[in-house]
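Dropping the structures in below, format is structure tokens.
First chain A sits with chain B, and in the next complex the same chain sits with chain C.
Entry: the complex of A and B
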């Protein structure tokens, strides 16, 4: 049986109270919302928490609305709400689709967008029981001093396994962050660092409050592809969002595009397709883009399935993504 | 009122509520919530999960403890009508909410159509996943009825039960059972 270690749970009702609590409890304070990622990690002991600050009662984080050309989604909006919302399905269908692919129905009911943005990184050497972790002497992320995935490596390479992040980056979304000095807005990609131990570029007294998702224009097409062993429950093993902007008026000529690949390391990899500008969007382009992605991305042995297979699979998923968008 | 009787028994005999974990608690709070349509109040340590609350403080052992880390779905209960995993939901998150467990579907002589269908279709073998399956299926059926949809597809059922693992049946009979219950309920 996996029991949680005793902790203190505080349930503030406003963001102001949350910030105050975060600044007064500096040691081992954790923010919890749905808890679907944090609670299993606390149970396995890969994360320690003395004081948990719950966001469940902070209603101001639960807004989902359209404002001008943006969709504004509060960090506390549940994944189920985003996946099934008529507003999201109508304005940014790719986001509803990607969020609908996260884990299982039960987890989407509790999990929130903020939680999926701040999802802890995963690695086959970390997401294990304390007994298994200690059997190989721990690692950079769990009471050890070496990396088993990249021998000799000094930075943890645990993978960011969020399904929403590649899509949000492809969409060019921003996140609003609130801290003691007030609010600031950064692009989603700047939320992540290269270090899997502290992969969220926020200080301990800051909170993600909402995501601002630009509603894509008519000439922009985006799709998300996830491959995992099971269609439900599993974290992605290959995860890629492909965005193609065609030239206004000629839907088969590429103007710009980007491919965002997840589950490589702590940071999603962004590849811009501006070098292909002006070229026709066809099967040949699908092969070309798959080749670029395959050359530039190196899956590591941090998640299950062989690196070679995941590299090949990634190229296949990119091809299928482009075909599904245009051909 | 069966649940309240359980609570009283546990209070009279505090040693039965896992003393090891109670005395180490940093904080104990009273949780008031509606359990299977009956109001309910229980004292619970803040680090207990909803599953621990249901099984050890209240004594409702219908919700099963499988993997205990949110993978298998055996602990599925309904929180305000939506299926959630009680093993990774904090007990205090149930405060002022409606919780439904498999015991609320039907007990003894008055089984729920889902329970009948599971029996008739042979959809349970070892039975460990069954309570979770039923809670997910009950939520699906109710949500569809609320949306006034008249058809249900195998794919929809499979998607709704995607978070529940079964290692015995191969799922086919479970899908049959949910289809049968749907036919009976609509």
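Entry: the complex of A and C
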């Protein structure tokens, strides 16, 4: 099997210690939580990690609670906990559903929300061994200077492959980030940049500590759809979260809505449906939205499966998502 | 020299077996379930080194120079080896030796081995590989049969016919005449893609060359004997200096049926360093070593009369062989030779061309060489049934070959339970009520097949037995079987134990099976071509019967009766005419040991050579002592908008002659069905699709050609439990006079029909044909769109019931 390069593992027990470790170990320091994404990437050599700062003993990251109109989920809460929590299922069922679609039961036991938020981008040219990458000269994200997906491209287009992110954005969730300067809060979508090489908009001494998820109001309906080859294990090849808010008292008239599409490039794509305000939520709207998404989203040859099919599939999934939200 | 051989034609046997046909635990299963079993990588020797192999990043390149000095100087490196130190060309088929342990002059695919290092640990070995400097002259990569056939550049310079690895053309009867006479011609082009075996255990070898000039190698091989021979040849040792041991295997499926670079490398590095050396493949290296199913490009033309009888089959096939021959000579023959049952043809012609390409080498995967043509012919039959307005099961019945007969290409077929298989699946799937009547999106499909129970000929010519066994028993009340065959998970150790237990009055647990150790066990050729149950079964039966006879004679002397009056069963020796008169079996063994001294017998088997196949060049290739038969019905649910195919259930009926251990037969049917469904819908051992090319998109660029796309089990999808359909395994028993107790194979035949049955079910569900595998959602959507465009034009109306 592939060998894991030797590394130093440090296991702090508080956020303060974590921050201190991050600031003292500048060279190839990595945060590890469940390790389900990091360890395979370390084995492939697509990332380096000489010092791994583990969050597993940091209990303050493991809180999951309801606070006012929010669900507050610590970055260290396991995906399994989120998927099966009665609290999450009762307040934000779409999140439990989407998180339950991540990978497999074993991986959800280990993986955490923070890890899924900061999941590395994926591309068929980067998720390969060092040997395979060397056989075609690497790429922008690994030991190379060119992109094999977009000829001449200067920005890496490796794909955001998290199942939780589109849903969190659709929900309007924020993340709390802590760094040497203290805490700051940003909307989840602002966590991502356009560059697949460094797609997380954090500095190396910052840590995501929790997500704040607004509990949807009665007039909000959200669903998540994922397509992958298999029914378990796989990363999504098409993923989309669809949110519909109806006008209070008129459950079949659109007030607002948004579609959040994953697996395009490093950033999720957010399409707002405010132009359809006042229109009936029906089959026609399903087609209209599918058309908008299809026009504005361009799957690339970054993950397996043809771009043309994934585009078509995305439109179908959007249409079906909206249908599933009819009352 | 003419030797008398025992070609056992089984006598009719009583139906009241004590052990045969009963449900037993699998020998060795608990060790695997509890994690006690030691696979090759679990073995460790004192002062053991770890080897790693340097591989070519180029698909096609001349090796100009290799400088290993920096690697050798690295602390912790004990030895380095390059191709020129093991120059002998070898190949599992002795007629086509075109491989070297490490490529000395040329690398022929991305991943071809060029050098290896033994170091104190894997990290050091990996670090040393980076210090080896190989100077390559990069050549044009020829990554498809079309490119290889068109290019003047040869992948193997010494090959006589350009890049053609093997060409076979055979014709039986006047095919063209019959095509002219036919009422219906069905023509089709079919593509079968490459697939890997994806055995969960990666290849591993541990070698130790001791100071007494004995090389011991533990290897995850399914052919210890062939490995033994090739090691001697390449390492220039005598066979007596080599001991090959096969530890428990974590799956093989044909992936481990020839020698690989790691075995030579571990052995050579042990010889060079004097220390034990282990080499374990990464998953990526498993995909490089490959020997998976050949991609086939097939053009089929078949003629039928108006009643649906097959008048002619004309099959043209291009096989994408990859870089080396492997079993390719045999694959090329099998691509046609194994098509000729369970249906009868008046005439048959096939022309198959295997082409070298700069890709990982293709070889034998479960259903070697015959799964691909079976896809084509079974879909052809489905198309014919629709054109003729016949039920596809009925069409197959009308063309039934029969039993105790000869195929058009001269194979002699004994028992044939194909009609019973059709009956069983027709009933179990409620075919008559449901076929062609389910709502749009739901469909049923049928397909049949046959397979061999071992090949009539060894891969090298000899007058020696193909299978050998030794059985001993003693006063302990236990029996020991020493058998050269490889239990690769299929359960061959259990089959031997069942046969011995039946004859010696023991329970399966009373038998110790020692298998696949070339020092301890008689020669068996290995676990390939579904040969062990039939061949080792005969050998074991011969030895066990003779040993049982001695025990019965000893007891008879004691009781002063005839040996015929003594039966051995249920851990007892008892009087046939007086069930109250018995002694424990252990006492019977004591009596026998007292009379005959130490007790042991041998058994062996060779295939019948006369009158089992035709008399033409290539006639014996594909001939078998006995043939299994299979029929499947598949039910699918197809989403025509997304192209998703959900296989709901598969009913698989298989005629294995006699199920010596029914649970194992069911396991083989389920495993085959699972594997076939995965090939049909998911797996693809394909190359990277596209690359950077300045000025143009979607064009192949330098460096990307010949690079495998999926080299992990995340990217190369095999089904999870959630993706696996319900499988109904139905055992049909038509004992064959040439099998031990009538037994025939069960390990490979049941894979064949799955793939065409899925394709046929998709047609029943939504009325489109997918003739190019794998069947992906994308292809289904494209086919549905194409049909809708046709409908819009009003040219042709397609429905679920019209062709």
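To be clear about the criterion, the second predicted complex is superposed on the first by the 326 of 327 C-alpha atoms of A that agree within 3 Å, B and C clash if a C-alpha of one lies under 4 Å from a C-alpha of the other, contacts with A are read in each partner's own complex, and residues count from 1 in each chain.
Assume a residue touches a chain if its C-beta (ideal position, glycine included) is under 8 Å from a C-beta of that chain, and two chains touch if they have at least 3 such contacts.
Please read these numbers as outputs of a predicted model, since none were measured by experiment.
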item: Which of chain B and chain C A:80 touches, first, second, both or neither; value: first
item: Which superposed partner A:3 touches (first chain B, second chain C, both, neither); value: both
item: Which superposed partner A:137 touches (first chain B, second chain C, both, neither); value: second
item: First, second, both or neither for A:231, with chain B first and chain C second; value: both
item: Which superposed partner A:107 touches (first chain B, second chain C, both, neither); value: first
item: Overlap of the chain B and chain C footprints on chain A, listed as residue numbers; value: 1-3, 5-6, 40, 104, 231-233
item: Chain B-touching residues of chain A, taken from the complex the two chains share; value: 1-9, 11, 32, 35-36, 39-40, 43-44, 54, 56, 80, 103-107, 109-110, 231-233
item: List of chain A residues in touch with chain C within their complex; value: 1-3, 5-6, 40, 104, 124, 127-129, 131-132, 134-137, 146-148, 151-152, 227, 229-234, 301, 304-306, 308-309, 312-313, 316
item: Chain B residues touching chain A - in the complex, by the definition given at the top; value: 21, 24-27, 45-49, 52, 65, 68-71, 73, 76, 79, 82-85, 88-90, 92-93, 136, 159-160, 162-165
item: Chain C - residues contacting chain A, complex; value: 55, 57-58, 110, 122-123, 126, 202, 280, 282-284, 641-643, 682, 688-697, 701, 703-704, 707-712, 714-715, 717, 719-723, 776-778, 781
